[in-house]
Amino acid sequence: MIRFDCDYSEGCIPKILERLRDTNFEQNPGYSMDPHCERARRLIREFCDAPKADVHFLVGGTQTNMTLIAAALRPHQGVLAASTGHVNVHESGAIEATGHKVLPLPSLDGKVTADQVREALDAHFHDPHAEHTVQPRLLYISQPTENGTIYSLKELTVLSAVCREYGVWFYIDGARLGYALAAPENDATAADLARLADAFYIGGTKVGALFGEALVLTAPGLKQDFRYLLKQRGGMLAKGRLLGIQFECLMEDGEYLAISRHAVEQARRMKASFLQKGWPLLYDSPTNQQFPIIDRHTMELLGEKYSFDIWADLGDGRTAVRFCASWATKPEDVDALLSDIQTLPEGGTPHC
Amino acid sequence: MIRFDCDYSEGCIPKILERLRDTNFEQNPGYSMDPHCERARRLIREFCDAPKADVHFLVGGTQTNMTLIAAALRPHQGVLAASTGHVNVHESGAIEATGHKVLPLPSLDGKVTADQVREALDAHFHDPHAEHTVQPRLLYISQPTENGTIYSLKELTVLSAVCREYGVWFYIDGARLGYALAAPENDATAADLARLADAFYIGGTKVGALFGEALVLTAPGLKQDFRYLLKQRGGMLAKGRLLGIQFECLMEDGEYLAISRHAVEQARRMKASFLQKGWPLLYDSPTNQQFPIIDRHTMELLGEKYSFDIWADLGDGRTAVRFCASWATKPEDVDALLSDIQTLPEGGTPHC
Amino acid sequence: MIRFDCDYSEGCIPKILERLRDTNFEQNPGYSMDPHCERARRLIREFCDAPKADVHFLVGGTQTNMTLIAAALRPHQGVLAASTGHVNVHESGAIEATGHKVLPLPSLDGKVTADQVREALDAHFHDPHAEHTVQPRLLYISQPTENGTIYSLKELTVLSAVCREYGVWFYIDGARLGYALAAPENDATAADLARLADAFYIGGTKVGALFGEALVLTAPGLKQDFRYLLKQRGGMLAKGRLLGIQFECLMEDGEYLAISRHAVEQARRMKASFLQKGWPLLYDSPTNQQFPIIDRHTMELLGEKYSFDIWADLGDGRTAVRFCASWATKPEDVDALLSDIQTLPEGGTPHC
Amino acid sequence: MIRFDCDYSEGCIPKILERLRDTNFEQNPGYSMDPHCERARRLIREFCDAPKADVHFLVGGTQTNMTLIAAALRPHQGVLAASTGHVNVHESGAIEATGHKVLPLPSLDGKVTADQVREALDAHFHDPHAEHTVQPRLLYISQPTENGTIYSLKELTVLSAVCREYGVWFYIDGARLGYALAAPENDATAADLARLADAFYIGGTKVGALFGEALVLTAPGLKQDFRYLLKQRGGMLAKGRLLGIQFECLMEDGEYLAISRHAVEQARRMKASFLQKGWPLLYDSPTNQQFPIIDRHTMELLGEKYSFDIWADLGDGRTAVRFCASWATKPEDVDALLSDIQTLPEGGTPHC
């Protein structure tokens, strides 16, 4: 069985394990106060062209999202997010468990528009009974989205402008950030994110690390006392060096982008094959996740050899499924998939 | 500088890094549903002689404590703990952030007695105005305590009996559990803990792992839906295999106890040296942490070459400090310390 | 200016003030442990034909909802509610502030169907990744709804059956319960609610009292320690007698239904007048709130003399507005309104 | 049975019921936006000589405390309070339920000293591991305390100075404020409180009202969006007029102080009688609560005719009990008590 069902099936880039081994008996202070974390922070600031940013390391995405949001909001404030956003649907209520409502904006492709955001903010701040409702005070987006789509630089720029106009924090979940940065269609750099957002994170777990996310805080108002919040939400790793070392490895020598490019290339090979076969795509994703729509028979045939994620039952006998590539995807595994797809019988999988 | 200030200065036992390397390109499902976690769970159940226990893996101690406590309590219920307990003083309010009060019981050595617990429960349940106060519903202890002391089997047995009599959960924080199990004075096994407590965790972070804690749930009433809680509190590691692999390594071939014994032996060498030098000990610890009381001049002399933790300023010119040994402590580093202590000038550090 | 904009513009039925005066210098124990509360509880149990129900008195609706929900749910569980439900939109995030997500079900008229509920529960409990999402564990409905509509006995019966099938609490917000019970179209009694729901409240604030809601708990699983929750959420009134006395007055001699009937009659007079005038109704409400759709000019003319609530701008020059009647509505004020409506110029307010 | 066990056994000053009756059919907007609340706010600002203060009305003390504290603190911050403080012991964990720890300072008489506060703040802000602990950010005191004692103007001044030096909010719980203001020993006026504290509340429930507390916010940093918090915590009364009318009545013509003086006088008559009888007092209270220490036989004899509160079992056969006077205490009831005390047999109740 070859797994394409998620982008964290393997461990990490071998360089990280080597570095962990080489540094294993160094004696370091705990809680990310060690030289590796220091250097990783410096490399990340350079990567984002954000010399004044605070950089914190956390273990996972849900932890990062809930910690940032809890740090940013007062109790009556909530989070604007796409209805499909990870914080709205796939964190078991982690945001609500910190006391905050997620205010969903309808989305078909995982993205929200500046007009939607402005409309939601206007609706609230012009409501004479606003105080009976949750005050939107942070915009959460993901880049790329959970659906593989990406925001253009222009889209990010107007989202940022709306947020600043209304005094709303702009936060970007970059669990798969490398795969957006590496997409040929992408025109928003890490430096753009640092400039336009108040906070964002650079995902490690899904992009080459064993685990770990680097949260970049650029807004001065979000920096104060953040380490207390880290500790309180269970996100302060005792051996912080593990996070520092991993991000050193990812940020050195363009590694993060290089491994991301590999993943995107493999995903695009799949995409081309799906399209050539006449399979519609649920979303037009330029990144490492691809969402072909296939019929039951095709699912069964592919399922004998490959694992993939069931994304949505379309109710007409067809299912949207998800294939993921990652930094670890072997080209030969994709070769095999492509070859098997070509030999599938024609005629199934009706078009949209 | 040789570090004795904490027990997580180094990485992990080399076997773990080797195993991570050997399994790095295995494709595994996420979220601790992989074969390594399955096997680690099995080994842990055997280690605790608790075939029906549920075992969950988390990344760190604060996360484990707050997740278990949030899962166990209704909103009006609180946690009985020694005033010195980690949940009361060193988790940045993580327990309160889940909505629950910690009800401290005075403690000088990190331990609480069954009489204290019974008295607190009686006081509450006989109070005609009980409903105006927080209902104690979980007893938190740590084994060994934050002060290095340990509970005897007899003490654990009576604590368990009181808890069961009053319907109170009994939970043991085992961040340094190996160092209690390996102490010559110890007579309570992991199986005793599983039998007497409703939940406890086997610490990995401080005992040989890169990170990770194994939470053992024996009470049926604590098991339901626990994985939702794990996810909600940020404790469900995407690549759960990392935890499984580490606990496989620790639980195989008596490794956990073997490395713990090493730490305790090194700590006891220090203890003997402190006592021989005439330094009082703040607590009589049989485990890996030692707390000598020394004067300022001694602190300065030792501080030139060794790092240790400032524990408490006694206000009379003397300070209680903490020296830690761990699985990673090199005997030659302890040799050096002992030798240097012997050469220190006599006369300082007045007795208690 | 005659106010029809809300149903709590006046104080209370005069009998309550008289009773407060007559009992003012009685010395009573606090916290609803007095004889008035005892008697009110008895009268309410009779009213609901629920001799074993627990009855608690709270001050307001948001407080009642959040206290019940916090008492009923574990941290990973959420509330199914109509998207229009009070807990979802008009409580400033009170439910989320207790840590729980509201899971909205689309609704145009304020009601949810058993099919919607079953579908949501199936979707969750059949989801292989359910533990990454919020577990629906309580169904919140309001009777009448915020839109004035009511559930039939049959609808309540099937909602109850679905909830029991899935082990989900069924809770009914009865802020305006009297106005549902008094509607000629209604066929669900208070006893039906007690039989079908696990908890519901009988609203006093909007139905004749100065303030106060009577929460009826019929499910044994919701009863334990509820008074701790009351206290913790700020809902335990020191002079609980005030709530007892008010509910004594409301529950004696059919008062609650009698005053509710008056309100419904006055509202139906308005409704007939709106329809006669050719104004569409946004919802077909049989209760005390009416929602005619009128044009801007009509709004201005009526607004000179009457206050009403702006409910929704329909975007085509027309607005849905809300007129409320209550126990306190003077028939002569409705006479005036009806007479003024008749003299309004024809031709405005286009039909849907 | 004559009740001296608490200071809210009766309803309210008759004037309030009259005023409620006279205004009952006024039509007022809800949520404290009515003319009565406006006027009450104005009167309170005058009473406190705080023309720029925001004034909010809430129903009860626990609600007021938890709402103010939740509004004031970020998640990692906690409340310094006397170990005996209401927020620490008698609110069923309401503060923790908003996510915040109460950091108790030892107190025998209900008061904390500026030295204690400074020491706690120094300990935290000089702790190199501060981020692992809860950050003290609000000082809670009560005036008078739960033990009847009062802070002098000088004490309040230095507490305020310490708080301002460290950037810590200073909040005063005035559940029984009138009884402090009316004490002959008192030298701190409401204006002093408004000047020295960042927020405090003027208690109505225990001082003449049916219910209600007036929260005065003087610090600009606490004012923003407070009404959202009010609503979220269940504290926004629909018929806010009820609170406005009550505080109009209390604040007019010196009523609040006049009724408080009556209570204090009656309490002092009891105190004199206790002392004359040779009964020790647990606290030297100049306000409406008195805490004599009596033996079991005395308790039984008094208990036949009078109710009083059991405060603390001293463990030597004696019990500290609480007698309360209030605005409603009848002098003839105190006469009876005093007369009965005089006739009690001599010899019991040993001295401290």
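Just so it is clear, A, B, C and D label the chains in written order, and each chain counts residues from 1 on its own.
In this text, a residue touches a chain if its C-beta (ideal position, glycine included) is under 8 Å from a C-beta of that chain, and two chains touch if they have at least 3 such contacts.
Quick caveat: nothing in here was measured; it's all calculated off a predicted structure.
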item	value
Classification of the chain A:chain D interface as same or different, half of numbers criterion	same
Chain at maximum distance from chain B, centres defined as averaged CA atoms	C
Which of C-D and A-C has more C-beta contact pairs	C-D
Chain A and chain C, separation of their C-alpha mean positions in angstrom	42
Distance between the centres, which are taken as Cα means, of chain D and chain A, whole angstrom	51
Rounded Å distance, chain C centre to chain D centre (Cα mean)	34
Junction residues of chain B, two or more chains touched	75-76, 91-93, 97-99, 131-132, 228-229, 231-232
In the complex with chain A, residue positions of chain B that touch it	1-3, 5-6, 8-12, 14, 17, 20-21, 23-30, 59-63, 66-67, 91-94, 97-98, 205-206, 210-211, 228-229, 231-239, 241-242, 328
Chain D - residues contacting chain B, complex	75-76, 78, 89-93, 96-97, 99-102, 129, 131-134
Touching residues on chain C, where the partner in the complex is chain B	70-71, 74-76, 98-99, 130-132, 135, 225, 227-232
